[in-house]
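Please go over the structures that come below.
Two complexes follow with chain A in common, the first pairing it with chain B and the second with chain C.
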Partner chain A sequence: MNYFRFAFRNLRKKGVRSWLTLLGIFIGILAVVSLITLGNAMKVAVTSQFGAGNTEVITIQAGGLQYGPPGSFVTKPLTTEDAEAIKRISSVEFAVGRNIKTGKFEYNGILEIGSAISVPEGYEREVYEILDDVEIEYGRLLESGDSGKVVLGYNFYDGKTNSFGKDIVPGRTVLINDEKFEVAGILKKKGSLLYDWTVFIYEDELNELMGNDGDSVDMIEAKIKSKDLMDRAEEEIEKLMRQRRNVDAGEEDFSVTTPEATLETVNSVLGAIQAFIIIIASISILVGSIGIVNTMTTSVLERTKEIGIMKSVGARNSQIFSQFFIESGFLGLVGGIFGAFFGILIGYIGTLAINNWLGSGIGFQIDYILIFFTLIGSFLIGAIAGITPAMQAAKQNPVEALRG
Partner chain B sequence: MISKESVKYSLNNLKNRKRRSAFTIISIFVGITTIFIFVSFGLGLYSYIDEYISGGSVDKVIIQSKGTSLSGMDDTFAFTEDELEAIEATSGVYEASGVYFKSAEVVQGKKRIYTLIFGYDPKKPLIMDTFNIGIEKGRDLNDGDSSAVLGYNYLSDNKIFPKGYSVGERIEIQEEKVKIIGFYEEIGSPQDDAQIYVTNDFMRDLYGENISYNWIVARVDIEDIDRVVENIEKNLRKERGLEEGKEDFFVQSFADMMETYTVVLDMVIGFIILIALISVLVSAVNTANTMITSVLERIKEIGIMKSVGARNSYILGIFLFESSFLGFIAGIIGCAVGWLISYSGALILDNIGYGFLQPGFPVSLFAGCIIFAVLTGAISGIAPAINAMRINPVEALRYE
Partner chain C sequence: MKKKGEKIIILKNVSKYYYLGENVVKAVDGININVEKGSFVAVMGPSGSGKSTAMNLVGSLDVPTHGHIFLDGENISEMNESDLAQLRGKHVGFIFQQFNLIPTLTVKENIMLPMSLQDIDEYEKEERVMELLKKVDLLDRAEHYPNQVSGGEQQRVAIARALANDPPVILADEPTGNLDTHTGERVMDVLKRLNQEGKTIVMVTHSPELAKEYADIIYWLKDGKIEKITTRKSKSMKKVGKWKGD
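Now for the complex of A and B:
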């Protein structure tokens, strides 16, 4: 413990120089901590863009370029019969085909282009509760027997932000592709642009609006009976679709994806970007540690006499080494504490800004593991930077040192 | 202010404190290297864009439909032949032609890929005029060709398919065996070099008569481009029976479209450099630290110099020169290391198909980085140098 007291006193005495050295590590840690915190918030924001949180749903899409919403660029679309066939697989609880189409939405004389997703009649409850995981904020969801009604995502609601200049509330009439529809309800905010800007409409009505033949679907969603059956179901669906589309294994012209797989892809891309930025930010920590080496070397030179005295009254080499080693680790640690604190502060402000920008509702969480490792890391970086100067100090010849 | 002697004196001082000088240099050069690398790749990207956007693009206007996916890919509100004619009949429009983008299924043996197939009118290749892409092998499309020109990567084995293709062979596109008449030069990105180009007529053979144009490209009177754009909008609105403000399409000059890409590129590179600047800031702090120590060590020396008549400005000059010189050396090393890393990084990127990510090394980049390093050194030396200047010679001589 004595080492720490001694180290702290020395650092305080040295004034400006210690603070400047600290500043180096401080800025580096600040950059890394704030970027990691912001990166994590971004990950949550992007992940929530992918909407549905149900992990027992498998999505089937026809092969094609992935440049837009599902189904927009396929060469050989899926059909409603495919959905019927998948439904008959024993591990599948139910399966529905869904269409996602682009259309015109008009209200208060203002027109916007957006997406509409189909709700298969008779499967309303399954779609809301299981596939899309949506809840109603105002009004009600679509119910069997409804006609000429739509449910809108949350972002349509507020006149100040919805670009239509007027609140859209249940009961109002809107124009979709120039046809009149009554708004049955507005959904709760999901924090996903995909869902919050989407029109939910009955399948038949969507097909009629878009001139769809009613046979092809953009994607098929299948709810699997239980989580343990996911792998088996995935294989069975693949096998069935291969038969139906007459392709061999390895030549699939369709894709079968689980929510985990989608998230994994997204996360690995985001992770790579984050890692890249952090590596660049870490360079400043490296530079900061060079500053510590520099300061410690000077410090050893300045205290040559002191070291000589300590040695002549019986201090061991190892004690001198520890003294400087810990002092330098301390420099790192103090820089790390300040850096972590302000880094988290910046992360917090940044998260608020992201929420503001995307209209998402990411909760801010302090990553204690990150703080723990940052502090340990900053102490270690300081200590490692101090090794050479500390060794130098320990090796001093007391006689020569006393002579100055 | 800076004489030959003072330079000699400073250099000697730096030499005597080799280790400390070395550390200071390392800390500056690391930051400079990072900045050098990103700026060089950024410059390379800008010149890549410049190189591929030909002079033929200035008088082109692009009409796209609005949609929910990547620009022009959503064909919900795509354009018909009548609409193309309406645009062509607009005053100020010299000629106009339609462009198709579709997803194509391409098969070789057991391997199946999906890629972008691109249809244009060889009689009016307005879209091709905007890009500088030449033919690598074979020939370009002519009117009436029921064949395809392929992207560069189809030439080699194991890039797209196990076996490469050559001119005259047939390739299976959308379940049709299509004759290959040529290959485009390398564009330098795996997506672009896997594209397939056909004539609009052949596109309709492959995908059916009633497909519609994703883009319409028009060559217009550049003197009066704003009015022409307005006229196109008006005519297209009339053709589609739309009210003003309720368009399901938008008209953009090619130059404006490219500008949006450049703005995004600016933002990305700016952000990375900002982060790299953090390390330069840290190294400036280090340099200040070194210089403060250096001043403290030489207090007596400074006192002697002053007592034999050295002016304040002379002392200031010595220390400013020392810190700038450290920055200068760091700048040179930073550029050298940065160049080495960018150059070898580019070789690796080229190998994995991202040939468009090539760095540019103009002289101004080297000069800029070195000047920046010198400035970093000089600025961090200001406070210590002023300290040194203010030293009272009497007290300094007494200083232990």
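Now for the complex of A and C:
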């Protein structure tokens, strides 16, 4: 007995009502598939944003915990002396004060707002090491005595995507806050918005451009001697900074962050978003399956006569049950197929959008195992929703059923 | 071919009661019927006489409250639902007044349905459905849906479906009730031919003309009891208390 063909025929005949029934499952599966596809892409993207640097680097910032370029509302800034003090901690290999400033960047007559990160003269190697082996794509890195020169992140290079309409190559002159600088080199792509769109510039020159007093820094990055010492170093730095800033434990006006902590925070935020969407998807699937129960119950009532006919030509109860059970599963499956298809589509578009937004290059992958289990799952949800109606259908008395 | 005297359907003191609250409706009340293999039997009676109930019992669609029914040698009063369904599928072909085709299936698929329920392999199904379509002259309607063919054609589809598993017994409940005279005659001719080919036909009808023209033996039912039995030879009406062969 070809239940599937029969089921498909019945669904098609029912038209609009079938499609409406599918909606709940469709939305649920759509949410699950697009969420997981996008969530994975987001994790890769965010991890590459925050994990672009060396994993043995601890970041110290003034004010509360915050990500991104520190704002101007930091009340009591860190200083170069703080960096010097941290450097003297035994577990710390070196510490560098960094400034990240926003300014005007002009090339080929086109003006953009961008961020510049300072490189203290004499600390070039350290800065690159903090970024975990920065490699040069074109030209060369900043070297001692390179005043009036900058190194640019990879995204500045290509004229087709850099919004300046022209390739920026080493030797060209760019305007930063209306001052001329020569491009010394272009870095290799790191897949992180933070670095790929950043101008690397000597600290003194940056301070001069931005009117900075030359003593305060936006953050201090400390390279720890080995990974095993991370926890100890974190504690020691916190203790030292409390003393220097004269605050008690628990009332810190600064933050000490390890790469793991950053990733953990990011992951827990992503996890919370995922959990939220999964709850919504579950509700949608639940509502969808109730819809299927409803449709199938109506269907059993409508097709009472058909059940009688089936029985009169020799259908056993188990065959009637299977017919309705599979039809119900089929309803779920069709919803699942559409949901999975559009879920993948949304995942794909979303991945493109993330790449576009962050300038990252996350590859899009269809998770076939996810699709497989999603489809099996949607069939099962439909089938389970159909159990009660199918049992009702099976136990119809043939004579009464024939009367319709 | 006909084997004279062999009983294919035996109803022994069969009753079917329906309980409506405190009232007992005796739809069929202690009837005895013996149907010889290869015969054409008509069951006559006014509405409410219990003729359809009797046919449902014979066709194992329903189980008796009292008494025993033997279909092709098997006591169906003692069978469970699943066995009854199997028995129906293999031994009985139903033809209804309302045709009772499944609207979502094509003519061909409707005819195939009883075979599908018996898990007959695709090749054999295909071969037999073609044979049956030819037999009822519907080859050109095979891919149509029931609502796309005429009433007479629908009833011929139903006949082909009844024959799908080559059952020895055909039960027809007012087979011409929904058809005009001419179309009805065509359907009756098909039944007559099937009877000549050896099928046992039990037909429920309220038309005495039809019964007299085609049946070998007529059971007249009234209030759930057999009022009289008429045979083709005598065509006279004789009062029956109990059927002779019982």
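Points to keep in mind about this one:
We take it that the second predicted complex is superposed on the first by the 238 of 404 C-alpha atoms of A that agree within 3 Å, B and C clash if a C-alpha of one lies under 4 Å from a C-alpha of the other, contacts with A are read in each partner's own complex, and residues count from 1 in each chain.
Rule of thumb we're sticking to: a residue touches a chain if its C-beta (ideal position, glycine included) is under 8 Å from a C-beta of that chain, and two chains touch if they have at least 3 such contacts.
Being a predicted model, the structure only gives us computed values, none of them experimental.
Of the two partner chains placed by the overlay, only chain C lies in contact with A:402; chain B stays clear of it. In the superposed pair of complexes, A:317 makes contact with chain C only, with no contact to chain B.
Residue contacts after overlaying the shared chain place A:243 against neither chain B nor chain C. More residues of chain A are in touch with B than with the other of chain B and chain C.
Contact with neither chain B nor chain C is seen for A:365 once the two complexes are overlaid on the shared chain. By the touch criterion stated above, A:101 is placed in contact with chain B alone, chain C being left untouched. By the document's definition of touching, neither partner reaches A:226: not chain B, not chain C. Looking at chain A, you'll find no residue that touches chain B in one structure and chain C in the other. If you check the complex, the residues on chain B that touch chain A are 19-20, 23-24, 26-27, 30-31, 34, 66-70, 73-74, 76-77, 102-105, 110-112, 114-116, 174, 245-248, 272, 275-276, 278-279, 281-283, 285-286, 288-290, 292-293. Considering their complex, residues 56, 59, 61-62, 81-82, 85-86, 88-90, 94, 96, 100-105, 113-114, 116-119, 161, 164-165 of chain C touch chain A. Across the complex, chain C is touched by residues 1-2, 6, 9-10, 13, 305-306, 308-319, 398-399, 402 of chain A.
Across the complex, chain B is touched by residues 16-17, 20-21, 23-24, 27-28, 31, 35, 63-65, 67-69, 72-76, 101-104, 106, 110-111, 113-115, 210, 248, 250-253, 277, 280-281, 283-284, 286-288, 290-291, 293-295, 297-298 of chain A.
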